[in-house]
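Chain lettering (A, B, C, D, E and F) follows the sequence in which the chains are written, and residue indices restart at 1 in each chain.
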Amino acid sequence: MSLSPPATTTAADDLGGGKIEAEVQDEAWVWAQIKAEARRDAESEPALASYLYSTILSHSSLARSLAFHLGNKLCSSTLLSTLLYDLFLNTVSADPRLRSATVADLRAARYRDPACISFSHCLLNYKGFLAIQAHRVAHKLWIQNRKPIALALHSRIADVFAVDIHPAARVGKGILLDHATGVVIGETAVVGNNVSILHHVTLGGTGKMGGDRHPKIGDGVLIGAGATILGNVKIGEGAKVGAGSVVLIDVPPRTTAVGNPARLVGGKEQPNLHEDVPGESMDHTSFISQWSDYII
Amino acid sequence: MSLSPPATTTAADDLGGGKIEAEVQDEAWVWAQIKAEARRDAESEPALASYLYSTILSHSSLARSLAFHLGNKLCSSTLLSTLLYDLFLNTVSADPRLRSATVADLRAARYRDPACISFSHCLLNYKGFLAIQAHRVAHKLWIQNRKPIALALHSRIADVFAVDIHPAARVGKGILLDHATGVVIGETAVVGNNVSILHHVTLGGTGKMGGDRHPKIGDGVLIGAGATILGNVKIGEGAKVGAGSVVLIDVPPRTTAVGNPARLVGGKEQPNLHEDVPGESMDHTSFISQWSDYII
Amino acid sequence: MSLSPPATTTAADDLGGGKIEAEVQDEAWVWAQIKAEARRDAESEPALASYLYSTILSHSSLARSLAFHLGNKLCSSTLLSTLLYDLFLNTVSADPRLRSATVADLRAARYRDPACISFSHCLLNYKGFLAIQAHRVAHKLWIQNRKPIALALHSRIADVFAVDIHPAARVGKGILLDHATGVVIGETAVVGNNVSILHHVTLGGTGKMGGDRHPKIGDGVLIGAGATILGNVKIGEGAKVGAGSVVLIDVPPRTTAVGNPARLVGGKEQPNLHEDVPGESMDHTSFISQWSDYII
Amino acid sequence: MSLSPPATTTAADDLGGGKIEAEVQDEAWVWAQIKAEARRDAESEPALASYLYSTILSHSSLARSLAFHLGNKLCSSTLLSTLLYDLFLNTVSADPRLRSATVADLRAARYRDPACISFSHCLLNYKGFLAIQAHRVAHKLWIQNRKPIALALHSRIADVFAVDIHPAARVGKGILLDHATGVVIGETAVVGNNVSILHHVTLGGTGKMGGDRHPKIGDGVLIGAGATILGNVKIGEGAKVGAGSVVLIDVPPRTTAVGNPARLVGGKEQPNLHEDVPGESMDHTSFISQWSDYII
Amino acid sequence: MSLSPPATTTAADDLGGGKIEAEVQDEAWVWAQIKAEARRDAESEPALASYLYSTILSHSSLARSLAFHLGNKLCSSTLLSTLLYDLFLNTVSADPRLRSATVADLRAARYRDPACISFSHCLLNYKGFLAIQAHRVAHKLWIQNRKPIALALHSRIADVFAVDIHPAARVGKGILLDHATGVVIGETAVVGNNVSILHHVTLGGTGKMGGDRHPKIGDGVLIGAGATILGNVKIGEGAKVGAGSVVLIDVPPRTTAVGNPARLVGGKEQPNLHEDVPGESMDHTSFISQWSDYII
Amino acid sequence: MSLSPPATTTAADDLGGGKIEAEVQDEAWVWAQIKAEARRDAESEPALASYLYSTILSHSSLARSLAFHLGNKLCSSTLLSTLLYDLFLNTVSADPRLRSATVADLRAARYRDPACISFSHCLLNYKGFLAIQAHRVAHKLWIQNRKPIALALHSRIADVFAVDIHPAARVGKGILLDHATGVVIGETAVVGNNVSILHHVTLGGTGKMGGDRHPKIGDGVLIGAGATILGNVKIGEGAKVGAGSVVLIDVPPRTTAVGNPARLVGGKEQPNLHEDVPGESMDHTSFISQWSDYII
């Protein structure tokens, strides 16, 4: 199965109008894939067809499908699905950047996670994907100074997906929150584009003082499972943070920090530099030989 | 906005009757703040007004509001909200200490967490706060030897908030469970007053033998994100456990343990002592320079 | 209270027919215990009786009780409880091995976790137990090539229990997922029999390449809270992985790996060997003196 | 099975204190019967036990049981069960006359309707009984000038039970609404004590003018299925209105009106008088020979 | 569209085995029609596809589809859909006569009601059809002496569909309850085969004495909207009762009774006899000229 | 309180553009009244404020409020509120005539029913009003040839409100269905403008033949409770049908038909003519002296 639309659209990442048009085409292409996948699955699995029709096949756009799915996932007895559906639909419809980010996130999961077997698999089932889409709406409400409703949404995301992203946090596009359970991203954190973050990762603060106190994650960064990054530190573009690491100081671009406390692979003076973009290549463990020190 | 009631009540922390009266006043003051906040938010955000009226503004007391909110959050198709509401309301109404602890926890979040913008924000949205309030009811049922219902409540808290506090665990007041997802507190654990515990923290046991086998956390302790403390060990008053640390031995009062396995900052012979109460000051990272060993 | 049926049945673990007959008797015995426990609890706690009748006492078999409980726990507004109930009941009824594994898991919790006070306590309240039972059904659907419905189930388990087991992962019997929140088990992982896994444990992959890329856990292994094991590595039979450890290389049978990065206790040349089966003995901390290096 | 408590209580219908005490004893006796019936049914029918425990056996009083049952029956996604439960419980707890009327209505169904096999049968299943109990609460709210909530309750009763009693209508005690579907009782209607009203009965108004415009039904009246009584007319004590009759003029005490338009049996000059209390004797058809004019 | 299976099956209404086989084929044929209709509708109306898959297209038999649909229609917060689904499925699966009656009722609606556009239309939407199917299960439970659960079901049917059929009432097959709202059928009533009953019809009793006190309706009878038949009277085979009639005496076969009180068309001495089967021909009004006495 | 907007708008009922503009102003005026009423009620009754905010005060238009309220009232576990909300909102937004009819119906209830104390009372609580609004959407879907979804909606309206209006029936504006329970309106019925219909009224068909077979009700007609009108008969403009009447022949304009079978008041040759519009004046009983033939 092809993973991308015809070449003309991917090449169009240039200027204003052309870019927007390309993104609209891109969204249409991904949405067509999703419907085709769902149609195929509904045919092969009648027990799931009702679910696939209500979440995907009955909708006229990706935005409507997502608004419906999130509204039903995040609702509670005191925050009704109709209210949330309306909120999601209105916010997403009004902002093409939100829709473009959704498409980029779908691609991120589909390309980077070998367990992701289709776009619809991600759309329906990835709690990390869903949490980020809902966060983007909460963030938009936050910057419109609608804080109480942004925080109510934040709370529902944290309850339902066990993913806790403060609505003020700024998150780029092309994000993969793999597995996602337990991710915590604080109020003043910034996450760049094409970043991959595994479950149980913390981008946390430093204490009870307000102000700018959370990590800044550069483009293309990969953060391994259970890593804890605290304070207003910079994780440079293309850097990699190993699973279970505790990072309290800046990590330079294209280096790898591992351990608790984290050390740079290769040493702090001349750390090893890698060439690829780990947030996209998802290489979790190639630093094994340098770091794990026992051989059996 | 003022964060505390007039001085007369906070000064009243002395003896029996005076103390109770002061606490009643304190509860009334906090409840008045919460209603004022909710009223303001309902006015500025009509989409949220229904939620704010049902959870806060329609109730005549903090206890009723909390019982309603927890009943609706923790109910399931086999444990109805009406049953849980009744259980919470009856238990909390009968015990002023539960209500006083609730107020202390609200203050803890409001003072210590810069992301907490109001008391109502905590009451409605903080899963750690809500998990602890529900735990206190479960604990009360447990010590009344109503174990099956205490465990059913325990299970609902663990499902809904991903916070797993055994109903037998004894927890003080003025507790902040920040972010809270993944916190595990075992059966024989004891947590003192004014403790702050970040997400993913484990106060775990040591094996399959019963008996007293979980940590004892002193007053004013701060435990960083992802720290794992195992066994019947003592974390002394005012001590600090760094994020991601694994602690298997006692930590002396006012010292800081970091790392996996944890080491005392300053060394085990003459560990550094700090003066403040980290559970309240929430200083997560001032030990950076002593611990993280690379500089870029 | 006795924890096992009369000797004749436990002795019957021999060959084909005899073994199956013994397992059927075993299931009947455990189910009888569960009903007796529930009846006793319903009598002592009328507020819980409705819950106990609907989940246990109204059912004619353990399989029906479990299908009902899981159907009601995992349902959502778009995946109805009746659909899930049917799916669970039909799958479990058709496969005696699933029922036998359920019984073994109930025993595992009851024997190994001192906080587990009865079989019914585990059946109703242990999210790890429930997540594994639901996973086994998802796994069966997966190997029948019903992938979309297996993944939908996977998603519900991850949302409701915060336990993320890929439906392709192969999991043995007699498994204890203690506390369970945050456990992640990847697509090509294999978990043997009589394994105990604490919360926040990751059996993760190594990157975006597909293929066999997740850990293989031998029989009788114990994995401590928050341990992260990455890549297609082997954790040998009866090995132990300490809490918070990060393991990227094979761990030999009956050894203990601790730390981040993990080291073998006793050194990689001549690691200490233990005789017991830690997955069953649940000894989390007896390696303290060798590992934690400060004494206060 | 005995249908009444020991003689001392029924004889006590005399004065002030004695009467109240007798009614309290009466309520206790009926509640004890209901619990005994429910216990017996729960034992013989495990599939229903959960329902019986949640609605009856888990409650400490008839008022709590009824408030729970009505709260769950009448709730909707915008009027939560917890809110309604609270409203019912507080109103009924505060007014012993409501509780005494409930007991009288239970007796009315049990004595007069041969299809009513137990008090619990009526409490759980009779929509007419439940509609009246909810109406009494709505009426109380109405006379406290809490009209909007009284009307919201009115609307829920009309939706759920298809019984439409305006909250301003005054209804006595010992009322049987048999089958009940379609009953309509207007704003200024008054219904005496010990009245039996079959389904589809209308006590309607006369037009768009306000004021006193609905029927007044005397004590002991029996109104047959589908009868329509319009306007501020008086149905005298002990009168009987035949099924399907349309009544627009007063009916004298102890007479029978039948037909469309209704005529008095025996003629308007010297109508037949009966001695019994038809609202209690429930004789629907003894006037057949005088009225139906064909014999086959 | 054809309304019946190939001739061989309808001709098979003869003896034992042949008859049963024919009925099984008949059920299969109707079920195939229903699936084809639902598939066509799902294709033309995506917004309804989810509903059609969950209620019809995901099921392997008519019995499962009906059990699912009734379980979800009749459930409440205290009587869960899973419990009802199980009850319906087990009862219907065990008794081929119930399934055969369902098929006959589907045919009755499809043939007699010009507003019924398909079998699936009836299966999904006809409250009279659904009420009767649920009644048959309640009746079966009643004659197995499982009265409390039969009455609980009775109550749910009366609440949800506003159709009140006592579980003891015996009802034939090929029944059409058209519109159905407000139908009341008492405890000792008997309804023959191929009967059509309009809405608001009462088959009521005569008072507070128990015993055989409700109407007996012969085969092929048609009872018009709002007719009230009271007492143990016989409505002879093929008779017709006009809309709004009140009947208190036997009506002979193939005659028509109209009015309040009812009179036989043609007079009681020599009533007109009709040849057709009005329960099937559904001729409501051909007696107009003889009865209505004004011409405009 | 004023019942109408300033004179300019009511005078505008003239031609094309002016009329539409007037109706838009009219809708705005009524919506402003509704919000003011709801705001006043929310202030005086905090227990109801959540309900009032979710149904009225959080919405930006009458159409949104109504779509939300109907979506939540009519949803079921297989037809989700979000789906219905979308369907209602899209249909009503696209057709100003639907919105204008809604306003006319609100006025009809407010003016003609003395028990209707406010517009919001009708909007929230009148099942007849709500049933008609939902019917108009079903009717629009029907004439767009979306029959299956129109019939599904029809079924939900019949279940929830016990009001059964076939989606093909054509219904005018300014309709009051007072009390509404049990109303049945058949497929080819036509109801004019400014008609008032009481509960239990049937506009029914004549048999199993299709085609035009239901009543045609002229403008300004009043039909009393329980009246049954059968067949393709004409009820002339401004006519009145008495409660409980059975009508099988045309009724001339401005006459009154009463009884079973119905007779014209004044006789068929020279029936009495009234001058007012009974559908608006709601005079149910002024014909008493001429019809009821006994005086007491």
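Descriptive notes on the structure:
One rule holds in what follows: a contact is a pair of C-beta atoms (placed from the backbone, for glycine too) under 8 Å apart; a residue touches a chain by one contact, two chains touch by 3 or more.
For reference, the UniProt names are A, B, C, D, E, F = serine O-acetyltransferase.
These figures come from a predicted structure and were not determined experimentally.
Chains touching both chain C and chain D: A, B, E, F. Steps from chain C to chain F, minimised over paths through touching chains, total 1. With centres computed as the average of Cα coordinates, no chain lies farther from chain E than B. To overlay chain B on chain D by their CA atoms, one rotates by 180 degrees, a value rounded to a multiple of 5. Note that among the pairs A-E, A-B or C-F, A-E reproduces the C-D interface, with over half of its contact pairs the same by residue number. Annotation: B-C is the more contact-rich of the chain pairs B-C and A-D, by number of C-beta pairs in contact. Chain E has its Cα centroid 29 Å from the Cα centroid of chain D. Between the Cα centres of chain C and chain E there is a gap of 50 Å. If you average the Cα atoms of chain B and of chain E, the two centres end up 59 Å apart. Multi-chain contact residues of chain C (touching two or more other chains): 47, 50-51, 54, 58, 72, 77-78, 80-81, 83, 162, 181-182, 200, 226, 244, 260. Across the interface of their complex, chain A is touched by residues 42, 46-47, 49-51, 53-54, 57-58 of chain E.
On chain C, the positions that touch chain B within their shared complex are 41, 44-45, 47-48, 50-52, 54-55, 69, 72-73, 75, 81, 111-115, 117, 121, 124-127, 160-162, 179, 181-182, 198-200, 224-226, 242-245, 258-260, 280-286, 288, 291-296. Across the complex, chain B is touched by residues 50, 54, 58, 68, 71-72, 78, 80-83, 85-86 of chain D. Those residues of chain C that touch chain F in the complex are listed here as 77-78, 80. By the touch criterion given at the top, residues 76-79, 83, 87, 146-149, 151-152, 154-155, 158-159, 162, 164, 166, 181-182, 184, 186-187, 200, 202, 204-211, 213, 226, 228, 230-231, 244, 246, 248-252, 260-264, 268 of chain F touch chain E in their complex.
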